[in-house]
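To keep things simple, chains are lettered A, B, C and D as they appear, and every chain counts its residues starting from 1.
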């Protein structure tokens, strides 16, 4: 029964598109959480059935995915279809020849669903290597219930957030914090306030060096320290005690004792779902006094790419188009990767009412935010590592803010020179 | 039916240590040949070379006219009984006995009749279903012999097979093995035996001939009586017989009035018969040897005696061992305990007569017996 | 001496005896106390793990005891299903597919190699034996990178081959070494008797050496199974497809991708991951202990 | 044996020889070569001479940190583990009832210790609200921030390995049980007390086993990966205080794909292990007692 249906579907597709593709065995790899895994596997089944291909899934958490992908690409064992983080494109395909040219597959993939600007962001040296799946950015989210309990309003500026701290301690106890940031969040938080003060992104695209002076960065770092000192956020050390980096796994997050965070809009539901006390709301970007810009951290989130070694790129392109542009695939994929960049997908999801209004609200904040263009080098693994581990040393009191700023700038400049 | 020929066989180990120095030995068909010598004399090495368990550096070994140097042990027509019996611990006695035949894929009926015969011969029928660890020492020993016999080899090799048994059992097994050898011979089966032991009693009681070895060389090959009576050198003389032959330095004088032997400050006239036996005519330093049984307390008034002092008397029951010092040489004298006057011995000085027909004289440098006649 | 003095001595002796006995009893009690205390500390984490895997999420961090108040199987049910299209059974099966050729290969190759080293003379024997010791001491991080490149060039990435082929070629020096030590302790007479009985060296190996060495070989297999089960870095580097994941990677995957706080699920999966090792160990603990005792001591 | 070719032995060890060449010797040499190159995996290796080593020893702060952490780890873990293993083995060696039970119980962690599941378990029991802190609370002590405090984080990793003292203990126990009982009796007649007996009879006789354990444990400790990797999510946090060299090598090789640099670190580590091993072997002449080798 099913076989016949598949056969018919294959025939229909073959006739309608005029591209004769045989049933192919494909692989697709991605990272994510459980709900993304479930949705994507379902979508692959549907799209596979539609075109008569079988696609075996390979998925992991985000940790270690870059390593794995690099290993596979170096070993020539990568999947046919890959979810590639946007900042990784220059790592894998510096000259546009490390991944398949999707432009050459435009007879199968309907590229009209993306804007020129979006396609440009997925291209390396003018070759379209990755199709942007969504645009994402960091967004503030607060547990409204906790703020109500503390008797203060959800903050819209850093000043209000700092002011809320005493009320939290008084009403909810010493172990309650109106906000939380640790490890990577701290990097992005320091970047944001520094950008707000200077109006510049970390990397100056003109000179390919760090745009900030050490004094400017030191101020940003001091700002973080102030949040810790006032008890607005947990110290780096204190946050490490739980033995896990994942805020959503923590009981303190679920019960509202950690009442806010600064996270990707696309992960909004991951943070909202576990909350048992109160509920999460997305909030506009908090700014410092005298901010030049909001300093929104916005970027194409991830892209889908096809391996240049794929035995059947046409089949892979069919699956890709199905996932991103065709109703069945769109419905199955849902909003598990944030709000889709593809116009067709966005329209279809809106029509189906599948767009989580809070996710939409979070994304709207990101899209509306102002700020300089974010360089992909912000997320170069070594740049990140330098930034984060130096901040850690600062947080443990081993460096002064100024020393930390200098080390970070030196280290990143060194890396940028290699790139 | 085969004998064993060993021709100029040498063994040199990787570290250039020469263990066997050009040994030649003929073992006749049906002969019970014992290799005996102190530990480290390479007797076991020689046996293992015959078996094929050690490589042969030079020379040739043949079994029944067939050179076996390059044959694996299983193809040499030999069977071996090991010191520790080497029964396969994971196999029952039946399987232990039949292992070799099974490897040769002999028919089952033949295996069973062979085992039946051997187990009756050695009285191990009730043991067939046991594991080696359930056997006593003597039983394991019999099974090990059975495993050798069942192969119907051309040559049997025994590597100190009795050394792990207690004294009583050892004595019993000696008799048993000897009679087994006779029985095999009577049945017309091949019964050439090479038997390694360090125990000279075993060698004397069991061997048709005995090959005495020392430091990788053959000292003498002869039947037990010859070996005892006519040792070719001081080593054999000292090795064979209990208690050991008394060996001492002496000086041979030849004069007009006859020959004499000077021991320390004492002098003993030698019979002309002794002189007749000498193959080396010169007077001078010699090593003299006399077995403890051939020297005796002198009868009253006897002449041509040696004077010694008794240091110690050991009562052995039927016999008495006297530890005597004669001219600074330690002697053992064996005498009948009946009629021996212990009080007299404790007085100190005693006189002893030497049975001159049993006196041996050796070249002090080469150790060769120069009194064997020609 | 008077009778009173005598009885005083007797009393004194009696008293010392009693004291000695009491001291002995006390020292035995102290020993048991230490042993039991240490044992409890040693095993409590595991006991807690098993208990906690039946707890509800809320209870896991609420109470240090291991007995769940409201026992639930949810952790196991969700854990078994996993977030992948595969159940935990697939990962067990994958682990098995690695373990089987690896263990069989190790047993055969390590036995043959140990036999070669312990019973034969051949050119360069000392040199080769020195390499066994050297590999024992060589940290494998040194060779990991070129090995990875090698397997990449062989096209073996994302397959089980890199995980078992080196072991099947006697690559685990520890096992070779252990078997050599065992074999050296076994007298050669039995093998020589078999040679005299007409067996060739291969027959000696199969009919005599293998049965004699069987306990050691079983130990080797058991250790190999355990170590393979625990191996994480190997699969981490070489396996990329989820459908080929062994248990260790699957467990790590489930930790990384879990959403919300499904602690009991992770704990339940940890218990499942440990269960085969625990079961094998308790079935064959004697072999393990004998294996490690003799292998180590004779070294 | 007579009649057999002298190459027969080589035939039996041939699997080992092939494996040795293909999977160990060639990779070993190749990694030495790689350590003098820049090799980002995507392109061919480029010879850079001593650059990698110079960078390691002059400007690489992470390496310095990682090396010192590794040395601290090895030099605390190995003695702790061995002393503890010996201590328990000595207690077990008195003919106590239930010796088998305890022996088994103590051995279980060694069987499981290397697994991911146990590392996961460690994360739970040392978490802020975990069992260990609950137990400390029971004794009226303040909870400890095991994962956040750089002074404690390495200790957890150490503890994970010391916890697996069972295999070393069993080796010790076997050695203790093989000591000739008459020696103890003789010492008792000479008037030695328990400690003196242990000091001058037991300890010298088991030095070969102590030596064996020392070498094996040291080599293994240098290679610890699973524990810190799983427990800290591969970061070696906090402040790289659990960032053992194997983690650093893994990161450089399989995260940053700097194969040349990673090889250089691996070689430095190999060199350190080799030096330590040689020192141990050299010093062993002074303190390891070898009874005459019965059979070579």
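Here is the rule we use: a contact is a pair of C-beta atoms (placed from the backbone, for glycine too) under 8 Å apart; a residue touches a chain by one contact, two chains touch by 3 or more.
These numbers come from a predicted model, not from an experiment.
Counting steps between touching chains, the shortest path from chain C to chain D takes 1. Centroid analysis (C-alpha atoms only) places B farthest from chain C. Measuring from the averaged C-alpha position of chain A to that of chain B gives a distance of 93 Å.
Centre-to-centre separation of chain B and chain C, using mean CA positions: 54 Å. Centre-to-centre separation of chain A and chain D, using mean CA positions: 40 Å.
Chain B has residues 51-53, 72-73, 75 in contact with two or more other chains.
Chain D has residues 1, 4, 124, 127, 129-130, 254 in contact with two or more other chains. The multi-chain contact residues of chain C, meaning those touching 2 or more other chains, are 61, 121, 195, 237, 255, 263. Contact residues on chain D toward chain A in their complex (touch as defined above): 41-42, 62, 123-124, 126-130, 145-150, 231, 233-234, 237-240, 254-257.
Considering their complex, residues 61, 83-85, 152, 157-158, 236-237, 240-243, 253, 255-261, 263 of chain C touch chain A. Per the touch definition, chain D reaches chain C in the complex via residues 1, 4, 6-13, 15-20, 22-28, 30-31, 34, 88, 91-92, 94, 96, 102-109, 111-118, 120-122, 124-125, 127, 129-131, 134-135, 138, 163, 167, 170-171, 173-175, 178, 209, 212-213, 215-216, 219, 222-223, 225-226, 229-230, 245-246, 249-250, 253-254, 259, 262-263, 266-267, 269-270, 273-274, 277, 295. Against chain D, in their complex, chain C makes its touches with residues 28, 31-32, 34-35, 38-39, 42-46, 48-49, 52, 60-61, 63-64, 109, 112-113, 115-117, 119-123, 125, 128, 131-132, 135-150, 166, 168-171, 176, 184, 195, 201, 205, 226-227, 229-233, 237, 248-249, 251-252, 255, 263, 266-267, 269-271, 273-274, 277-278, 281-282, 285, 288-289, 292-294, 296-297, 299. Across the complex, chain D is touched by residues 63-64, 66-67, 70-71, 73-74, 98, 236-245, 251, 381-382, 389, 392-393, 396, 398 of chain A.
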